[in-house]
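See structure below.
The chains carry the letters A, B, C, D and E, assigned in the order they are written, with residues numbered from 1 in each.
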Amino acid sequence: MARFPSRRSPKAGLPPGTLVHVGAVRAEEVKVTLIRYDAMQVLEQIVDVTQCVAVAPPAVTWVNVDGLHQVEVIETLGRRFGIHPLVLEDVLHTGQRPKFEDYGEYVFLVLRMLYRRGDGGPLEDEQVSLVIGPNWVVSFQEREGDVFDPVRERIRSAKGRIRAYGADYLAYSLLDAVVDHYFTILEGLGDEVEELGERILSRPDPHLLSGLHSLKQTLLFTRKAVWPLREVLSRLQRGESPLFDRDTQLYLRDAYDHTIQVIDTVETFRDMIAGMLDVYLSSASNRMNEIMKVLTVIATIFMPLTFIAGIYGMNFAHMPELRWRYGYFVALGAMFVVAAGMLIHFRRKKWL
Amino acid sequence: MARFPSRRSPKAGLPPGTLVHVGAVRAEEVKVTLIRYDAMQVLEQIVDVTQCVAVAPPAVTWVNVDGLHQVEVIETLGRRFGIHPLVLEDVLHTGQRPKFEDYGEYVFLVLRMLYRRGDGGPLEDEQVSLVIGPNWVVSFQEREGDVFDPVRERIRSAKGRIRAYGADYLAYSLLDAVVDHYFTILEGLGDEVEELGERILSRPDPHLLSGLHSLKQTLLFTRKAVWPLREVLSRLQRGESPLFDRDTQLYLRDAYDHTIQVIDTVETFRDMIAGMLDVYLSSASNRMNEIMKVLTVIATIFMPLTFIAGIYGMNFAHMPELRWRYGYFVALGAMFVVAAGMLIHFRRKKWL
Amino acid sequence: MARFPSRRSPKAGLPPGTLVHVGAVRAEEVKVTLIRYDAMQVLEQIVDVTQCVAVAPPAVTWVNVDGLHQVEVIETLGRRFGIHPLVLEDVLHTGQRPKFEDYGEYVFLVLRMLYRRGDGGPLEDEQVSLVIGPNWVVSFQEREGDVFDPVRERIRSAKGRIRAYGADYLAYSLLDAVVDHYFTILEGLGDEVEELGERILSRPDPHLLSGLHSLKQTLLFTRKAVWPLREVLSRLQRGESPLFDRDTQLYLRDAYDHTIQVIDTVETFRDMIAGMLDVYLSSASNRMNEIMKVLTVIATIFMPLTFIAGIYGMNFAHMPELRWRYGYFVALGAMFVVAAGMLIHFRRKKWL
Amino acid sequence: MARFPSRRSPKAGLPPGTLVHVGAVRAEEVKVTLIRYDAMQVLEQIVDVTQCVAVAPPAVTWVNVDGLHQVEVIETLGRRFGIHPLVLEDVLHTGQRPKFEDYGEYVFLVLRMLYRRGDGGPLEDEQVSLVIGPNWVVSFQEREGDVFDPVRERIRSAKGRIRAYGADYLAYSLLDAVVDHYFTILEGLGDEVEELGERILSRPDPHLLSGLHSLKQTLLFTRKAVWPLREVLSRLQRGESPLFDRDTQLYLRDAYDHTIQVIDTVETFRDMIAGMLDVYLSSASNRMNEIMKVLTVIATIFMPLTFIAGIYGMNFAHMPELRWRYGYFVALGAMFVVAAGMLIHFRRKKWL
Amino acid sequence: MARFPSRRSPKAGLPPGTLVHVGAVRAEEVKVTLIRYDAMQVLEQIVDVTQCVAVAPPAVTWVNVDGLHQVEVIETLGRRFGIHPLVLEDVLHTGQRPKFEDYGEYVFLVLRMLYRRGDGGPLEDEQVSLVIGPNWVVSFQEREGDVFDPVRERIRSAKGRIRAYGADYLAYSLLDAVVDHYFTILEGLGDEVEELGERILSRPDPHLLSGLHSLKQTLLFTRKAVWPLREVLSRLQRGESPLFDRDTQLYLRDAYDHTIQVIDTVETFRDMIAGMLDVYLSSASNRMNEIMKVLTVIATIFMPLTFIAGIYGMNFAHMPELRWRYGYFVALGAMFVVAAGMLIHFRRKKWL
C-alpha cells in the first residue's frame, strides 16, 4: 500500500522558522551539485555548500541538493541565496503539499515526486523543493534520484533550448521532468488496473478484491500528490510571477496540460476500478443467488419425497397400503411424480 | 469496451517541443489536401507538404492532414505556417484533452472525434487538431475520415454562407461537423440504452448486467471526450480570440449549445442506466426473497410432518398408538392438520 | 415514463441555419394568430403568415404560431421580423434546453412546457420559443394548447396591467403562464408521491418499487426541463437585455422566485422518494431476516427431534431402550425437553 | 413527519400581483397591532388597519399582522405604506423560501419560522414576512405567536439598545428572534437524536429505523427552512441595502453567524443519523450472519446423524451390522464422533 | 465519542450583546495573566482584571484569561480595551465556529482547540478567543491549558523573533500554537487508524466495526473544528486587516499551509477508514457466502442419501430389493455414488 502520510511533528512548540529535518533519512550523505551555464559553456561539479553563490546573468546557477538531514547545509545555502527561514523550514519538513509561494525576489515551489521502491514495490513519494531566483535555481531532493538526469544531459549537450534560456526555463525543465515521470508511474498503474480487470472478468475471486482495494488506495495517494500541482501550475502559467517570462509561460501551460492529463488518467483509473468493483459485487451476488437456488431446489424436491418414505416407514398395525401387492411401486411412482412436478415447476420459474 | 486511455509516453526525458508521434498509426499513408477558396473560385488538390502556404486574403487556405506518423510532414507544415513547436508536439501526441490555446497570430484547438469501428463495434476516439490563422486553417486527423466531407461539399457547391465568410467560419464549420457527429454516435448509444432498458424490464438477467456495465463505461468515455469541449467553446463564443469575428461568434454559440445538449443527453443516458441498475438490483433482491420464502415454506411444512412420521417409525415395544385401529388414519389426519395450519399461517403472512 | 430525449438528428451534415423541422408533428395544421393591442383597443385574428408585421409603438404585436412542421411559414415569419436563421433553426429543432440569447434588437427565449397526455398519462414536454422585439413578440408552440389562454383573456378584458405595458410585459406574462403551469403539474406529481408514500408505509410491496422508480425518472425529467430556466430568468431579471424595462424586471424576479420554488419542490419530492426507497429497502431486509429466522427456528427444533426418532427407528437386534416399558414415553419426553429448551433459547435471543 | 411543502396554486392563470391568500388559515381573526416608539415614549395598541401610517422620524412605527386570510386588510396596509403588489402577493402566498428583495424605499424579507404543534408534535413552519422602510416595519405572521414577545417586552421596558436605535435595528431584532427560536427547536431535535442514538447502540430494533427515517425527513425540512436564510443575511450584512446602517450591520453579522451555527448543527445531526444508520445496518447484517451460522451448524450436525440413523432403519433382509452384539452402541458412537468432529471444525472456523 | 455540539441556548429572548456564559464551567477559578514585553524587558504577573490596560508601543500587552464563568471579569476587560459587546457575547457563548471579524481598531478571532481528556480519552474541544489590537492581545480560554506555554517560554527567553515583533506576531504565535497542537492530536488519531487497519486486515470482527464508526465520528468532529479555520487564515494571510504587517503575513501563510495539511490528513484518514469499511464489508459478505456454501453442500449431499435410506425403511409387504442378498450393499453403493457425484459437481463449480 501507499506510504502513510507523514504526520509526526517533533517541531510542536518550537518557534516558526526553526530548522529541523522532519521525515525519513533517505540518502546516506548530503550531496550538493553545482551547475553553471550560459549559451557558451557549462561548469558542473560536486561542491561544498560554501562554494555556492549566484553569478551575474546571463549565466545560470543551478544548485542541486540530494539529502536533507544535514540542517547546517540547508542553512548555509539559505543564507547565501537570501532565502527566508520559513522556506527552509518547509524544505526540511518533508510532508508539504505541492505549493507555490512568491517571495518577491524569488519563488518557492514544492512538488511531490512519485517513485516505486524496487520493481513493482509499493508506491512512495518524495518532496522536491525548488527555489527560483532571477538567474539561479536551488533544488532539494530527499534522496539522490535520476529524474533530473535528462535535464543535466540536455544542459551538457546543449540539446533543445535550455542553454539559450534563463533560470525560469531551467525551473520549468525540472518541473516538467517530475511531471513526465508521473506518466511512467501511471503506465505501471495502468498495467495493474488492466490486468486486474481481465482477471476479474474471467474469474471473480475474493482475493482479487484486496488487490482492488489496495490499488484504489494507491490511486488516491497519487491523486493527493498531483492534484494541488494543478493549482500551482495554473498560477505560474497565468504569469503571477514576473520571474517567468512570457515565452516560458507557454511551456508552463504545456506542463499544466500534462498535469491535467495525469489527473484525468487517475480519474479514469478510479472509474475503471469502481466499475470492476461493481462487476465483482454483482457477480458475487449472482453466485449467492445461485447457491440459494441449488439449496432450495434440492430441499424442495427431497423433503416431500423423504416425507412419503417416512409415512410408509411407520409401524402402525393397520396400514392398508402396506399390504397392497404393488403398494411399493405405487409409492415409488408417487415420489417420481412429485419430483417431476417440482422439476417442471422450477424449470418454468427459470431456476434450472 | 471503450478504448483505453493512451498513457504510454515514449517521450519521457526528451526536451519539450521534440516532435515524436505518440499513438497508434491509424492511416497507411499521410495525405495532405489543400483547398483554397474565395467567394469566386475553389481550388482543391492533394499536394506535397512543401506546396502549402497561406495566400493573401480574402482567399482562405485550408490544409487538411490525414495521418500523423510522418513527423517531417508535420514539421515542414509547422515551419511554413509559423506554428510553435509545442503545438506540433500536441498535434503528434494524440492523447490530448479538448483544449483551446491562443498564440496571438493563430489559435490552436484540440477536439476528440468519436467513431465506431465497424457496425456496432466498440466506441473509439481520435484526436482532431485545428490551427487557425487569420485566413488559413490547418487541420490534422489521425486517419482519413468522412466527417469533414459535408464541409468540403459545401465549399465546392458554395452552399450556405461558407464561401462568403473567412477562415474563422471554416474553422467553425469543421468544429460543428465534429459536434454534429456526436449526435449520430448518441443516437446509436440511445438505441442500445433503450433496448437494454426494455429487456431488463421484461426479464432481468445477470447477463444484461455486464451489458449495463460496459454501456456505463462507454458513456463515461464519451463524457470525457465531450466535457472539456464545453469549456473550449464557451471561451471561443465569448470572443476571447479576435480571430473570430462577431458574426461567427453567433455560430459558435450555436455549437456551444449543441455541445451542452450532447452532454445533457449523455447525462440523461447515465441516469437511465443508473435507474435500470436499481430496477435490476431490486428485482434480483426480490427473487432472492422469493427463493428463500419457497425454501422456508417447504421446510416448515415438511419438517414437522417428517418428524411425526419418524415418531411412528420408532421400534419401541410399547407404543399404544400403533395398535389403535385407526391410528394410521389419525396420524395422517394430524399431519394434514399441521400442514393446513402452516399453509393458513403463511397465507396470512402473505408469503404465498 | 417520461418521453425519451429527442436525439435523432436528420440534420447532420447540413450547413448551420438550414431550416428543417426536427421532432414529432404534434399539430395537424399550422395556425398563426395575430393579436395587436394598445391601452385603447385590441385586434385578434387568425391570419396568413404574410400578414404579420410589427406596427409602430405603443401598439404591441403578438404573433403566436401553433405547429412547426411547415418550414416555409417559419421562414416567412423570420424574414418579416428580421430573425436570424440560427434562431429559426432552434425553433424548429425541438430538442433545445431552455435558454436565453441576446441578438441585440431582439432576444430569443426557449422554454419547455410540461403537460400530461390525457388524465394521469405520461408526462411529456413541448418546446415553447419566444422571440421578443422592442414592441412585438413571436411565440412558437409545437401544438395548440391552452396555457396562453389566460394571457389572451387578460388582453381582451384589459384585466391587470397587461394592456398598459409593452411587449416585454407580454413576454413576461407568457413566461409566467408556462411557469404557473409547472405548479399544476407538480400538484399532480405531489399527489402521486404522497399516495405512494402512504402505500409503502402501510404495506411495502415489490410492485410499488417500479412505481417509485418511474416516479423518480419523471422527476428527473421535470428537473431537466426546469433547471436551466433558472439561469435564463436570473439573467433576464438582472437586466441583461435593455428590452426589458426596470418595472418588468421586478415581475421577472417574481417569476425567477417561482422557478426556484418549482426546483425546490422537485428536490423535496426526490428526497421524499429517496426516503421511501430507504423505508422500502429496510423493510424488505427486515422481512428477509424474519423469513430466515422462521426457517432457522423450525430447522433447529425439528432436526434434533427427527434425529431422536430416527435413532429409535433403527433395526438393531440389541437396542435395550426399545424393550423398556416406558421407553416410548421417555423418548417423547426427551423430545419435548429438547424442543422446549430450543424455544426458551430462541426467546432469550429475541428471535420469537 | 414534517409538513408537506405547500404546492396547491389556486392562482394559476390570474394576473401577477393579484392578491389571493394561499395556505391554511391558521388564525381565527386577523389582528393588527401598532407599536410606535422613540427614545422617550412607547405607544402600543390593537388597531384597525386604516389607522396604520408611518410617522416622522426619529419615531419608529411597527405594524404587526397576525393572520393573513383577510386580503383587504393586507391590501389597505399595502396602499398606506406604498408596498408593491408583488410583495403583498408573496406575503399572502405562504409557500415562499426565505428571501431578500430590495425595492429601493423599502426592503422585503421572507423568513420561515419553525414551531412544534403541541409538545413533541410534528415540526411545522410558518411564513414570517417583514417589510422594512426608513422608519417603519410591517411584519406578517400566519398565526398569533409568542416569538416576537421578547422584542415587545424590550421596547416597553427600554431594555437593551432597541429604543435608541431605528427601524433597521427593530427589523434585526425580529429576525434575531426567529433565528434564536431555531436554537430552541434544535435543542428538541438534538434530544431526540441523542435518545435514538443510545437506543440503537443498546438494542438495534427495526422499529427504531422508522424513527430514524422520520427524524431524517424532519432535519431535511429544517434545513430547507434555514439554508436560504444564510444567503439573505449574508447580503444584508454586507450592506446591500442603505436602510441598514453600519452599526446594525455588526448585529446582522452576528445573526448571520448564528444562522451558520444552526445549519452546522443540522448538518452534524444529519451526520450522526447517518452514522446511526450505518451502525444499525451493520448490526442487522451481523445478526443475519449469526442466524445463518446457527442454521448451518444445526443442519451440518444433524443431517449426517439422521442419515446414519436412516441407514440402520432400512429393512434389508441382510444387514450384518444389525445382528452385531454392540452394533447399536457402535452406531451411537459413530454418531458421537461425527457430531464432535463437526463441533471441533466449527470452533476452529470461529463459528461457535 | 466526540463531545456533542453545544446547542443549549439559555439566551433565547435576551437582547443581543447581553453577557451570559453558555457552556460547561471547565476551570475552578478565573485566572487573568498579564504579560508585557518589548525587545528589552518582560513583565509577567497574575493580576486582578482592573489592572489590565494597554501601554504605549512598542511594548506589547498580552492578557490571558483562563475560565469564562465570571461574566463581570470579561465585562471589565471589555470596557478597558473598548471591545464591542457582541464580541464579548461570542467569547462567552462557547459554541462558536472558528471565525475572523474585523472591528476596525481590533480584530476578533475564534479558534477551536482540540484536546483529549486523560490519555486515550474522548476527543473534546474548547473555544479559544483572541482579540487583537494595535499593540495588545487579549486571549480567552475555557480552562487553564499548556498550549500557550511554549509561547510564554519564548517571550521569557527572547527565543526566536517574538520579542522583536509586535502584537500581530504574538497573535500569530498563539494561533500557530493551536494549529501545532492539531498535529499532536492527529498523530494519536493516526495511530488508532493504523492499528484498527491492521486488526481489520488480519481478522475482521464485528467488534472492530463500532471502533471504526466511532473513529469516523471523531474525524468528523475534528474536521468541523479545523475546516472553518482555513477560511479565517486565508483571509488573514491575504492581508484583510492592516493590523497584521507584511512580514507577519508570511508567517500566517505558513500557518495557513499547516491548516490545509491538517485538513488533508483528516481527509486521508477518512479515506483510509472508508477503505477499511469496504474491506470489512466485503470480507463479511465473503464469509456469509461461505456459510451458505457449507450449508448447501451438506444439505445437497445428505438429503438424497437420507431419502434413499428412507425408501428402504418403508414397511411395504412387497419390496423385492429387501430380499436381495446384496441389497444392502447395493444401496450403500448407490449412496456412495450419489455422494461422490455431488462432491465432484461441487468441486467443478469451485464450491469446495
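The rule is short, and it goes like this: a residue touches a chain if its C-beta (ideal position, glycine included) is under 8 Å from a C-beta of that chain, and two chains touch if they have at least 3 such contacts.
All figures in this text were calculated on a predicted structure; none of them were measured in a lab.
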Remark   = Label-sorted list of chains bordering both subunit A and subunit D is E
Separation of mean Cα positions, subunit C and subunit A [Å, integer] = 42
Request  = Express in whole angstrom the distance between the two chain centres, defined as the mean CA positions of subunit A and subunit E.
outcome  = 26
Where subunit D touches two or more other chains, by residue = 288, 292, 295, 299, 303, 306, 310, 313-315, 319
Query = Think of each chain as a node with edges to the chains it touches; is that a line, ring, star, complete or other?
reply = ring
Request  = Flag every residue of subunit E that touches subunit A in the complex, lowest number first.
outcome  = 149-150, 154, 159-162, 173, 176-177, 180-181, 183-184, 186-187, 190, 194, 250-251, 253-254, 257, 260-261, 264-265, 268, 271-272, 275, 278-279, 282-283, 285-286, 288-289, 292-293, 295-296, 299-300, 303-304, 306-307, 310-311, 313-319, 351
Query = In their complex, what parts of subunit B are in touch with subunit A?
reply = 4-5, 7-9, 11-18, 84, 86, 89-90, 95-97, 99, 101, 103, 206, 209-210, 213, 216-217, 220, 224, 284, 287-288, 291-292, 294-295, 298-299, 302-303, 305-306, 309-310, 312-315, 319, 321-328, 331-332
